[in-house]
Every structure is written in C-alpha cells, then in structure tokens.
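Okay, so chain A shows up in both of these, paired with chain B first and chain C after.
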Partner chain A sequence: MAVYCFYLFDRTGTCLCYYEWNRSRSLQDASDDQKNMFGMLFALRNFSVKLSPDPAKGVPTFFVTDVYALHYFETPTGLRFVLITSHDCGSVDVTRHLTDIYAEVYVEYAIKNPLYVKGSKIDYELFLSKLDSYVRSLPCF
Partner chain B sequence: MGLQYLFVINKAGSLIFDRRLSENAPQLSPNDCLHLASTFHGMQLLVQQLSPEPSDHGFGIVTLETESYVLQAYRPETGVQFFVTADLKTENLAAFLRDVYVIYADYVMKNPFYELDMPIKVDRWEAHLKRLVDKYNNRVNV
Partner chain C sequence: MSRPSLQTVGEAAFARCDRVSAELLALTYGTFVRQLLLDYEKVADVNAQLDAVGCNIGVRLVEDFLAKSKIAACNSFAHTADVIAKVAFKMFLGVTANVTSWSADRNTFSLLFDDNPLAEFTELPEQCPDLWYSNVLCGVIRGALEMLNMKVGCTFVRCKLRGHDTNEIRVSLHELLAEQPPQADD
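Showing the complex of A and B:
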C-alpha cells in the first residue's frame, strides 16, 4: 500500500500541481512526464468513451497495471485529478477520495484564495500542506 | 452482466480480430475498431513509461474500470494482446482471457494456413470462441 504521486491538470493540459510521496523511480524531466501523462489521459479518455455502451458514462475511473494503479476524476469544467497508488489499491473507493480532494482542498484552498489566478500553477504552501495531510490520512497511504 | 467486446492485437499494434459479443455493446464500425486497437497499443507503451516504480514484466493496463463497463487485458510473452470489455461487476475476466489464449494457441497458431500477425479468419477458432463465450455468459448469469 502506497501513494506515489498526484497530478492536477486544467482543461488545456497545463499541469497545475504535481506532488509526490514515496516513488522510487525519480523523474528525469518533470515537464516531459506531465505532458506524457496528459497525452495518455487524453487518449485513454477518448478510447474508453468510444468503447462504452453509454457514452455519457464512459469516463475512466481507474486502471491497474502490474505495478501501479491510476485513479482519475474529472470535473465538468475540465479539471483532471490523478492519483497514482500501488497496484493493490485499485478500487473505486480510492477514486472517490479525488472528489474529496477537489471539494475540500482545491475549492477551499485554491479557488477561494483571492490571490489565485485561474489556470496558473498552484504553489501555495497552505494548499500543498493540506493536500499532503489529506493524502497521508488515507487508509491506502 | 456479460461480455461485450473482444479484441486481439498483434505485437506491432494492429488489430487481428474483433468481435461484438453482446447486444449491449456499442456499435463500432470496422474503422473504429482499427483505431481503438492502435490507440490501445500506443497507450500501453505510455502507461509503462509513466510508471512510478520500475516494472519487472512491463504489462501495461491490466484492468480498466469506468462507470459503465470494465476492461481486462492479457498479454502473453509473445506480445500478442487480448482485451475484453464487459458489464460492470463481471468476474473472472482474467480466466476468460486465458481460455481465449488457449484456443488461440490451439486453433490459430497450430493452423498451418494461418500467417503470423495477419487478421484471424479461422472457422474452428470462431466456433470454439463462440462456445467459450456462451459457456462464460451462462455461468455469469446463473
């Protein structure tokens, strides 16, 4: 059980926030990794919507590989929340925490921050520490 | 509950077999199927690259879940990829794909007229696949 990292993208594909906990393979180039991640999500989303019997419900919630699980949540405004955990945390319950991160961390500490300009990178200490403590409190951490 | 779609992709990423297994499944044109198969192949490479931990085997996605269906993928050592979509809460999809692989090995690979990496048009494979799908769907619906 482990949580590796968190990504937040806006609708244009800009990475608003990246935070990592215990990942053993470090990143060579963070911006490359974020672009690849967004590209993969974009392809994955199109793919899964197309295969869905009901196109309105075809958005992926999570996937599991042999090493990790990726949890995905998107808002109607196009924000994409991604949490990467170890592969044994692959369940819908973990994905639901992303909704809470949106409501309790992003809305409270980024959107309600008067200095925050929408679409810019979020590097407020308060936001990051709340995110950190929220994720550390998860049962799968 | 039941199976929806089965795809088989060769190691170069092109579609060699697709089959709609249920009335619930979306209607896909042959072009869509080709497109989906190559997207899946490309995505698998990215998924492995994005891994936060080093991987020993390098499977990509094994299970994918959405709000309306699940997808299970299986890649044996030869690089062929099988993936199946099914209604939510369908169980034993991994076992189903393994059975599909067994009949693939028996009736496609052992067919002397089958050329490697070409689309599969083998009657006995289709017949056995149909039997397997029926058996599986019956077991799921009981």
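Showing the complex of A and C:
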C-alpha cells in the first residue's frame, strides 16, 4: 500500500495545495496536471450526479484502476480534496481520512491562519508538515 | 431511524469547540466597535464596516462550522435557516435563535434571539442611536451563506440596545449562485 499524492482545489478550480510522497513518474508540467485533474473531477462529479436516481446525491467518493485509486471528498463550500493511493486501498474508507484532513489540517492551519489569504496557494510550512505527518500516519501509507 | 434533532447537533458541536470567556468576547468586541466609532465619523459607515468585517469572518467561519458540526448539505432554504438558528448560533454564540416570520415566497425569514453575548454590558451612547451594535452578525451570516452559493441580504431590524423587546435579524435570499465551470485555456 502506498500514498502517491494529494491535491486540494477550491471552488474556482485553483489548486491550493499539491503534495507528493512517492509518485514514481515525475510530472512534465505541474500546472497542466492540476488543471486536467480539476477538469476531470468536475466532469466526473457532475455526470455522476446526473446518473443518480436522487438528484441531490451521487457524488463519487473514489474510483479504482488496476494500479491506483483516487479518493475524492468535497465540502459544501466547494473545496475538493483528492488523495491518490495504490489500488489496494480502494476498498478502505480513505474518504473519511480526507474529511479529517479538512477538519484537522485545512481548517486549523490554513483557515485559522490570519496571514492566509483565502483562495491563494497554501505554502505554509506548518500546514504542509501537518498534512505530511497526518498522511504518513495513515494505515494505508 | 431517528435523526438527531438540530438542537442535539448544535449542543454536540458546542461541546466540541474551544471556548473563550463570554466577558472577554463582549469586552473585546465592545472595544473594537468603540474604535470604529472613533475612526469613522458617520454611524452608517461604522455599520457598513461591521458588516464587511463580519463577511470576512463568515467566509472563513463557515469552514470551521462545517468541519466541526459535520452537518450534511441542506436541501432547502428553510432547512438552512434552522441550521443557522439551532446549530450555528449555538456553536459560536452559545445561544439558540428562533426562526419566524417567513415571507409568502419562503425566501425571507427572521432570526429572533433574546440573549446576545456580544451586547452584554453595553449601552448605546446618545449621540449614535442609529448604530446597529451587533451588525457583525449580519456580515457573518451573509459571508457564510455566500460560500454556500446563496446570495442573501441580511439586516438587523430590532435590537435590545435600542429598547426593542428582542433582537431580530432579517435574512432574505436573493439568488442561488450557479457553480462555475473551470475556465478554458486560451
């Protein structure tokens, strides 16, 4: 089991935070990668809700491929948290950990940081180190 | 299956929060309003400033609210009103409000609350009878709902400091903002 990388987008599609642990293939262009990721999630989420019998529900929580799994969590304020792990974490409830990252890392160390301007990239060391240690402590890391 | 009532949710969220003494909050807020009254000449400007400050607080506070209360998305504006009154007021102010006076189109409601922790120990000075002392609350509600894609107008209509029998905030929904798709590359 492994955790590859983490993305956090706000409602406008700005990538507030990108963090990687052991992503074996290096990126060509990080901003392109983030834009594509947001675009894919946006389309996937909206289409998935359209397929749902209940129009208020049907937001995907994860999908699995033969090598990796993507876990997704969004807040009513339009923040989107994404964690990419190895495929064997697919059945584990990683989305729950993303809600914890929201409550215990994002809210505590970004939102409550008076210097942080909402909607800008989060590059505070404390935030990143808390994120890093939280993810490293996960059973699926 | 019984869902926990909003009261219970509110009390649980209240219990989870870090707390500061009510006196400290009331006195700090009082000093802050006083400084604004010195800095701005017109009382109307102070009201506007309090609202703007509140709005900035609201856009951040809503994240803390959602994270701590663990509440699911509301399915109607009426539900939103109840959540503000029973959960959000309880969590951040320690009091609950009542939702009343719905307009016929169900887009406007009033929040009534008797105890206002912000206005403890406060008397309005005679030279500024038009001050809405707790106007910051209006801003907070407006800012928080804006983050949830609801554009609302929010004003104080009654305030105990002005001699009314209770505090009343009128909230009206102007529009639901649509989600914006990501911008295409040029």
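Keep in mind that, in the parts below, the second predicted complex is superposed on the first by the 140 of 141 C-alpha atoms of A that agree within 3 Å, B and C clash if a C-alpha of one lies under 4 Å from a C-alpha of the other, contacts with A are read in each partner's own complex, and residues count from 1 in each chain.
Going forward, a contact is a pair of C-beta atoms (placed from the backbone, for glycine too) under 8 Å apart; a residue touches a chain by one contact, two chains touch by 3 or more.
Just so we're clear, the structure is a prediction, and the values are computed from it rather than from any experiment.
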item	value
First (chain B), second (chain C), both or neither touched by A:L126	neither
Partner chain in contact with A:I84 - chain B first, chain C second, else both or neither	first
Touched partner set for A:G39, first chain B, second chain C, both or neither	both
First (chain B), second (chain C), both or neither touched by A:A103	second
Chain B versus chain C as contact partner of A:D54, first or second or both or neither	first
Comparison of chain B and chain C by chain A residues contacted	B
Partner chain(s) touched by A:A30 [first = chain B, second = chain C, both, neither]	neither
Partner chain in contact with A:M1 - chain B first, chain C second, else both or neither	neither
Overlapping contact positions on chain A, where the chain C interface meets the chain B interface	39
Residue numbers on chain B that touch chain A, as the complex places them	4-5, 24-26, 28, 32, 36, 39-40, 42-43, 46-69, 71, 85
Chain A residues touching chain B - in the complex, by the definition given at the top	4-5, 20, 23-25, 33, 36-37, 39-40, 43-44, 46-48, 50-55, 57-68, 84, 86, 90, 92
Interfacial residue positions of chain C with respect to chain A in the complex	59-60, 62-64, 66-68, 70, 73, 75, 147-149, 179-183, 185
Residue numbers on chain A that touch chain C, as the complex places them	11-13, 35, 38-39, 42, 56, 75-79, 99, 102-103, 106-107, 111-112, 118
